[in-house]
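This report refers to the structure that appears directly beneath it.
Chains here go by letter, A, B and C, matching the order in which they are written, and residues are numbered from 1 within each.
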């Protein structure tokens, strides 16, 4: 890869709690809550911010150019401000953008704000409107599909696949139960596995209600600074090493007799290659992954981490994705626990950065976290991968 | 600081009703145009791997509307970010993608079909909070009228001066093959055109427009692969004002002055009147041309009216494209401004080419009554 | 165990620990004796000291406390629950206090949260008739079964018919819907301590029968409020409901326009990439892989080979009509004859084939009789025998 013009560190993180509704505050107030937490966390004031990057989906809350109204709470008044939206990947796009804006030298300190108040709109309807209005909109069912479940059951056998997906789901819930900000914390136990596998209501095929992500309200804010400023302003900045974004064509036309390489696999392959990482499971100490359903989450571990055959199932079955495993996945509980869409993909690098800082709270991984991976998902199976580091000691390839 | 090159621009001709194409069709024309000019490709080795789009979900009536554009942006298995603001910010962001070292070439494309929805005012009404602003019936037209009144009082801007702005815009538009409203008009016609939203008359307002526009940006090292006649992006700044109209001094140009100051500082411009010899402003309504020019520093505070009579717009080569008044869709208002500036700096502006242009400013605005402004400096 | 007003004397003392507010006893050092006579009575000694609490049950009458309260069990429970006026009971001699009465009046209210009696599922169900809202039940005929397990459980059927409501302590065989859960889960749900969607999603509540009917039940009854419970007054939150809509006029462009033209003639047209020869169905203006314009259209299908099957149980609104779609319905992914192998096409399956459909099967389109060049021209696909 080309050499980065200058290094960029995360110096502040703020999150609201995530919940199914927040009638006690309007959108601008919700944004403001997360902004205040991030400023407090960074121990700076709005005066230190040069530029704000904002993102959420207009048609989820039915507000056109919502950054205008949100300026009441975002702190953008008098400052440069950009607005970037890319669907589910929005939060990750904002992080990549903030990284570029700071690395470019155009701004020293950039604050990224991702948010959604899904309660204020109709989420499945909003997602359905993503499809082409002339044809596909009539066929779409929101983001619900069991294609991955069907393919996994075909490949690994029905029982093993269903057990693995439910084990993944329960693991995520166990992590969510530790995270005080998580929206859904069911308190699921492994002894419920078989029961849930068979009785949780079906949404589509073997995609059951319990497998699917929530619809949440909430906002996440991250503050980024140049190396010089980050070191001066912050005791333990977390460094953004690299990021990659991979989109694919307009339609879900990829379920033919031959399947193309998934963007997840492509993103991992390119990113690891250009950073000289040959064994991502070994290299990374945590992976915060955008997992919209248990089936997708489990399947995508194989794609992102460049695993073969049933390696991902084995790692799960052996507890290697647990908090004390080889590569803990989603200590935050992931997206099946909390899903404020425009913020969701920012929660991933935010939670990963907190793991590196060592102040993630009850869901902190016990062993030292030096290298973190975070992913975003959106559009027609688009992927973003972001690499975060504790130390500025990586080797340029 | 390193420089970012614009290697090529492509504009779709604007029209009030491009019924025969989906927005994808307009963007495809633009993509082909850029490819033809530069040989741009999207290969993994050496091709363009980063794309910035600019559009708006409400105008597109489609959630995450860039999903429908991946194909025509060349973004299949590539990076694409959607600037959900007026597109000039997309150029600013694309600059950072290159200056950061992340990528060495970026394709930027914006579009908007104002004709698709029943009313663009219904779209912009949705930008106000649902409790108060929306219920009041605020939209970008009637809010602009409040600002027009405030600025006319501040600057003494007259009906005749406003009419001059419109007449001149149409004259230049006639020479621009991409402009929408090219019919010539006379002062009296403008001055007595029906009132749209007092004091804004129908002919003071830009026509409903559809269009798309594209840019190929590259690092200084990479640019020669695409062109031997690059234009440099040397300054960028933007700024947000308050949301509630009552919190703002509508005639003050608060956000524009700050955005301009930042862009000029980045470009090393200390005296804009000496350094800049071409200006493109996003004048959705006639009063905005003198007001934005004032905010950009081309005349003193409250002197916008006199500036028109003093032939200021001719002196600084203002809106030789015809400007917004000649009709560009709102989400790409600034991108069309920048495209014109690039053509002028490249010497490719044809019938409306100005002489000896070496430094240009393009400006755009988002939100009601200029709540948000963006300024881009381009140099030869 | 004797109960008064549904509560035993013991319950009150046994819950003291959880109702205790340590910060409310700052600077307090006191012992309180309780001699409760009659059935279910007993003797208790409560010690409050600098934010700590000790509750002891003694075998004999309590003496030597700073204050001692003597009462009949029924009076004591009644006063605690607010069913009997404390002042009257005191004045009437039903409560006798020895020692410093100010401790009872000033210290106790700060030291303990109000005792709230245990609520049982049967208490809640007993109130369904009075909570029933006939005006919401017009045209509703259903039997809602409750199968509650664990302590305080049992089986009940709530019968809603002709805008009346009845409760039976038996689970009928012909219930419209049966909700199964542990009794405490039922109580928590009705007290708003547990969210219905959460309980359902996590498997704490199982629903047999018509899920839609289960969702409807909430609107048929007033919210349950425990007897004597003070209604919590929170800040009033206002939300504004509106449906913004802007009419649209979408262009089809040349590619989708050709597709709709083809449907009129019962034909599928794909655009073909001049470079890689990939087909796109429905046609698009450009091949995303090669980034070149597709001007050529080729006919594909009409039959296809099924690759994947999605059976949809989730009831989503039909974007054409806004009506909730009938479930289950089946979405098929297929490769149309003559189309590229890696290019899938999706559409619905004829509901009659839902049990027979398998990947690899050939399917054929079923067309609307009158075709106008729109989505509606193609009804669905069915198995081609």
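The rule we apply is simple: contacts are C-beta pairs under 8 Å (C-beta built on N, C-alpha and C of every residue); 3 or more make two chains touch, one makes a residue touch a chain.
These numbers were taken from a predicted model, which means no experiment stands behind them.
Asks: Please state which pair of chains has more C-beta contact pairs than any other pair.
Replies: Chains joined by the most C-beta contact pairs: A-B.
Asks: Among all chains, which one's averaged Cα position is nearest the averaged Cα position of every protein chain shown?
Replies: A
Asks: So how far apart, in whole Å, are subunit A and subunit B when each is placed at the average of its C-alpha atoms?
Replies: 33
Asks: Averaged over CA atoms, how far is the centre of subunit B from the centre of subunit C? Could you give it in whole Å?
Replies: 50
Asks: CA centre of subunit A versus CA centre of subunit C: separation in Å?
Replies: 27
Asks: Would you mind listing the residues of subunit A that make contact with two or more other chains?
Replies: In subunit A, residues 62, 129, 132-133, 248-250 touch at least two other chains, as defined above.
Asks: Going through subunit B residue by residue, note those that touch at least 2 other chains and give them in order.
Replies: 58, 61, 70-71, 76, 123, 126, 130-131
Asks: For subunit C, what residues touch not just one other chain but two or more?
Replies: In subunit C, 244, 248, 250, 252, 256, 284, 288-289 touch at least two other chains.
Asks: Okay, in this complex, where on subunit A does subunit B touch?
Replies: Against subunit B, subunit A makes touches at 2-5, 26, 28, 52, 55, 57-60, 62-69, 71-72, 76-87, 93, 96-97, 99-106, 126-127, 129-130, 132-133, 244-250, 263, 266, 378-380.
Asks: Going by the contact rule at the top, pick out the subunit C residues touching subunit A in the complex.
Replies: Result: residues 195, 197-198, 200-203, 206-207, 211, 235, 237, 239, 244, 248, 250, 252, 256, 259-260, 280-282, 284, 288-289, 305, 307-314, 316-320, 331, 333, 335, 340-348, 375 of subunit C touch subunit A.
Asks: Any idea which subunit A residues touch subunit C in the complex?
Replies: Touching subunit C from subunit A are residues 20, 23-24, 62, 124-125, 128-129, 132-142, 144-147, 150-151, 184, 186-188, 192, 195-196, 199-205, 209-210, 248-260.
Asks: With touch defined as at the start, can you tell me which subunit C residues reach subunit B in the complex?
Replies: Checking each residue of subunit C against subunit B gives 240, 242, 244, 246-254, 256, 284-289, 291, 293.
Asks: List the residues on subunit B that touch subunit C in their complex, please.
Replies: 18-22, 24-25, 28, 31-32, 35, 41-42, 58, 61, 70-72, 74, 76, 113, 115-119, 122-123, 126, 130-131
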